[in-house]
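Listed below are the structures to be examined.
Heads up, the next two complexes both have subunit A, just with different partners, subunit B and then subunit C.
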Partner chain A sequence: MEEKFISQVKLQELCNELIDNNFDIFIPKEYGYQKLVKGENVTLDNSLKPTKSSFKDIIFPKAEPIIYYKKNKSDIEIIDPQINKKTNIILGAKPCDAKSVAIMSKVFNWDYKDEFFNIRAENTLIFGILCNFNDEFCFCTSVGLSPKSTEGSDLFLVPLNDGYGVRIISPKGEDFYQKYNSYFTTVDNKLIEEIESNVKEPDIVFDSEKVRNWIKENFEDSYWNTLGEYCLGCGQCAFVCPVCHCFDIVDEDYCYTEGRRMKNWDACQFEIFTLHASGHNPRDDQSKRYRQRISHKFKYYPEKFNEILCTGCGRCSRGCPVSIDIKKIVTEIGSFSEV
Partner chain B sequence: MDSSLRQIANELLNTGKVNAIIGYIPVDGTTRTKPFIATKTDEVDKFVVNHNILNNLSVYLTKDEVKKNFKKIGIIAKGCDIKSIIALIQENQILRDDIVIIGVKCSGVYSDFDLQTLADKCISCEVREPHLFDYLVEMGDSSELRGEDRKLKVIRQIEAMNAEERWDFFENEFSRCIKCYACRQVCPLCYCERCIVDKTIPRWIESSAHKRGNFAWNLVRAFHLSGRCVGCGECERVCPMDIPLSLLNRKMMMVTQEEFNYKSGMDINVPTLIGSYDLKDNEEFIE
Partner chain C sequence: MENIYKPYLMEVKEIIPETPDTTTFRLKFKDESVAKMFTFKAGQFAEYSVFGEGECTFCIASSPTRTEFIECSFKKYGKVTSALARLNVGDTIGFRGPYGNWFPVDEMKGMNVVFIAGGIGLAPVRCVIDNVLDLREQFKDITIIYGARSVADLVYKNKLKEWQDRNDVKTIVTVDPGGETPDWHGESGFVPTIVEKYAPSNNNAVAIVCGPPIMIKYTVPVLSKLGFKDDDIITTLENRMKCGLGKCGRCNIGNVYVCKDGPVFTYSQLKTLPQEF
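What follows is the complex of A and B.
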């Protein structure tokens, strides 16, 4: 059997043409996925650790205006913002990032269809890439993914000598391929499979169903207190997470008569996240907030949307100021019910 | 060494002098360490002190879940951490009598867990021999780490810039800010019950992580720490976007020292810079 192949040289040429055709291409860099400049070398190193933040800001920006308003005596004029409808290409997303849009899409299309998210998601084409990185924080295999998982990708790259084997995953990916097929040749599928089978997968460290069951039965357990003592309540974990999607709505007045309404990233570890106008705060200490973080990811979201709200990328733990390790915590929770 | 540290910790818990001891334990299978709060004597055997004790644990002394639970607390602290403990005492946030300080004679810590280079703050450190403590322990590995003062070089470069160039420099750095507030949460001196950025009636500082919001946040924080920051460098260490926050804080420390001959966190009996006034105070540099 044959698969598609694109050489490094052709990939470079393709990127140049896509930029000419008004596409924005984003490739993994140290701090996140950054826009490729025409002529810039397209280097996709799948053995590097995940970028500091995921590409979620391309679909779900850290701060974006959702309406502009003008106040004129008793009238208020509402102006809709222009959403950038350019096609984004995410080139070289590890499986733990590629899946993120599909996971977040469930909540952004639950009771209300969030057009800001949807328009961008619709206009984004994801080239996943086989992952060849595995450190102590990685646990994609425990949440149903793997270094070779194609879930969420439209096309999937497997690095070979001087180029990439390319699997077409979605109809969107097929459309793209048809349009640009002159850049592609073919390669023996066995070569791709050989590379895929040599990838070292992280060990499976917990059973997500056992985790869910323990959380269900142990809402008041003292285990949560031990976590709350250490967590300092910053939003690092949520903001670098590929699937954390909470946001805050705030109005920004430029002056007395004009302003805009912003949708900004928010995080459940912040003390004021659940603070009510009355002054009451149902999550009034860090252990309750930490319990929420774990429960949302491993119980509420799976129950409601049949997806774990975690891709096992390990970013939250790599960057935690006080070395809280979500993989260890969830592994521990998974083992409680075995005793 | 670790054994005497463990002996001290054991005795403190045994005699009930403290209800908890905050220290460092190794992360399994690595050379890194993480914060650990020991409440039982059998837990103190895990404590270590070495070049990898990066955290400034004094941030926990004002944290509700710790302060209210344990009241009398022992803490393992390097000289730089002791500076912030002193600043907290100077600012009446904790009582000296509630804290037992196990000082660490420090020969330097690494800048980050992965990078085996000396932390910038250690280069011109004047408190490797702690200046306030109840007990003193030595680092497991007392070999002196060495490095060069990269930060001071950058500060000198920024000083030589004109206002526009400086603006561009910081605009570029702040553009990465995602407003996770890890800098604030990890800072022992950012203990305000309600931070100004979290105030909404009225909203003084835009919470959006855009250019204006990021400038406002990072500059307000630098101002609020002027004359207070002890230079422990935790904000910069934990910033997920590697924004060089210590450039601002250290420059402010240099100014307060030059203009007022004041260094935060050196003596619990000295009034704070902001909380004191002298007719001879220099004010000509304020424009």
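What follows is the complex of A and C.
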């Protein structure tokens, strides 16, 4: 059996042509997925730490206008925003990032359809990459993924000597391959499989079913208070998370007569997130807010959308200013029901 | 592209001051074709906006049987409601909706209906009262128990008078002890006490309860004592919302989105949810 192969040199050429063809290419750097400049070296090192933030903001921007308005005395004119229809290519997304779009797509489409999200998702092509990184915060295998999982990728790269084995995953990936097949050659599938089988996977540390059951039975448990005492409520965990999707809607006036309505990222760890006008707050304590975070990811979302709202990337723990480790927490929760 | 966040435009046709800080707007769609196709059901809510200030969530307070306009009532509290309170007749606001579920008005036909409301909580209940009164012959006995902190805080005073003047509706209005004026002829006492005093029958009856959490908390046990089943006690929740579309993630109670699966819940449904509302 043979698989597709692209050499490092050809990948570089392909990227240059794609940029010429008006594609935006994003590759992982230390802080996030950054736009590739023409001629820049394309280096995809799959043994590096996940970027500090995911590529979520390419599909679900931190702040995006949902309407523009013009005010003329008591009259109002509403103008729809135009979404940039340029195709984005995410080159070298780890499996824990590649899956994120498919997970968020459920909430953005379960009833009303959020076309802002859909158009961007449709115009994004994801090249996943075999992950060869594993630290104490990684737990993708516990949420149903793995370093070689191709879920969510359109094409999947496996680093070989001087290039990458390429698996075509989705019809979108196939279309892309057909268009640019002159850049690709073939390679023996055995070489790819050998690399894949040598990847060290993180150990499975919890059973998501058990976690779900414990949360269900222990809504008022004192364990939540312990977590609430640590958490500062800064919200960084939600902002670096590849699948956290809560947002706020805010108006911004440019001047007296014009402005725009924005959809901005928000986070359930903020005190005013659920504050009522009357002053009543259903989640008036950090422990309740932390309980919401864990429960939403491991109980509510799976119950509603059949998908765990976590990809096990560990970003929230790596970045937490008070070292709250979600892997440790969920592992503990999973072990409670065994005792 | 279909933009689910794009509001309709509505014109403020009439401003009715209710209490020192509560106002009712009578609104009309600016676009005739929208006005023709727009329908909603009693209990649904919408996102109202002042451009440049933001959006705010209230129920539609008028009855779906009266189609020529929409009414909403709001208390001046934050940025958007303060901006709404500054508007004049003829100004334009944004409106997205209707969202959420509704009161089971069709299932209530042929039953006795007890309405219990406190403060601004009369707004969502009023929508059902008007709906039921417009179809009066399809329902049996109707009882309305409404209370506010003081006489000045009673909303819909004209409506209250209209209901009190009808002989096919039993209307009881009360104010909290200490909130009476010298010429006050209504009841004096907290809503749960007054419900206990008038003891509406549970026979073939459904109770619709809305008001501040503390009022609901003490009224439900009274109703249970009177023999109302949990399924026959219906309330509407008001969680903070932004999108109203089941996306923005703040109104949830457990795996239930109040904006999609609510805001109308029976007491037995509420019992199955995590106690976080």
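Quick note on the criterion: the second predicted complex is superposed on the first by the 339 of 339 C-alpha atoms of A that agree within 3 Å, B and C clash if a C-alpha of one lies under 4 Å from a C-alpha of the other, contacts with A are read in each partner's own complex, and residues count from 1 in each chain.
Throughout what follows, a residue touches a chain if its C-beta (ideal position, glycine included) is under 8 Å from a C-beta of that chain, and two chains touch if they have at least 3 such contacts.
All values reported here derive from a predicted model rather than from experimental measurement.
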| item | value |
| --- | --- |
| Partner contacting more residues of subunit A (subunit B vs subunit C) | C |
| First, second, both or neither for A:250, with subunit B first and subunit C second | both |
| First, second, both or neither for A:287, with subunit B first and subunit C second | first |
| Partner chain in contact with A:52 - subunit B first, subunit C second, else both or neither | first |
| Partner chain(s) touched by A:176 [first = subunit B, second = subunit C, both, neither] | neither |
| Contacts of A:232 with subunit B and subunit C, given as first, second, both or neither | first |
| First (subunit B), second (subunit C), both or neither touched by A:323 | first |
| Contacts of A:300 with subunit B and subunit C, given as first, second, both or neither | second |
| First, second, both or neither for A:63, with subunit B first and subunit C second | first |
| Those residues of subunit A which subunit B touches in one complex and subunit C touches in the other | 248, 250 |
| Residue ranges of subunit B touching subunit A (in the complex, touch as defined) | 27, 29-30, 32-35, 37, 55, 59, 63-66, 69, 176, 178-182, 184-186, 194, 198, 200, 203, 206-210, 213, 234, 237-238, 240-242 |
| Complex contacts: residues of subunit A adjacent to subunit B | 31, 52-53, 62-63, 136, 225, 228-230, 232-236, 238-240, 248, 250, 252, 262, 264-265, 267, 270-272, 285-287, 319, 321-323, 325 |
| Of all residues in subunit C, those that touch subunit A in their complex | 1-7, 9, 49, 51-55, 75, 77-78, 81, 88, 90-92, 94, 212-213, 238-240, 242-243, 245-255, 260, 274-277 |
| Subunit A - residues contacting subunit C, complex | 66-67, 69, 71, 74-76, 78, 80, 83, 107-108, 110-116, 119, 219-220, 245-251, 253, 259, 261, 263, 266, 268, 273-278, 280, 282-283, 288, 292, 295-296, 299-301, 303-304 |
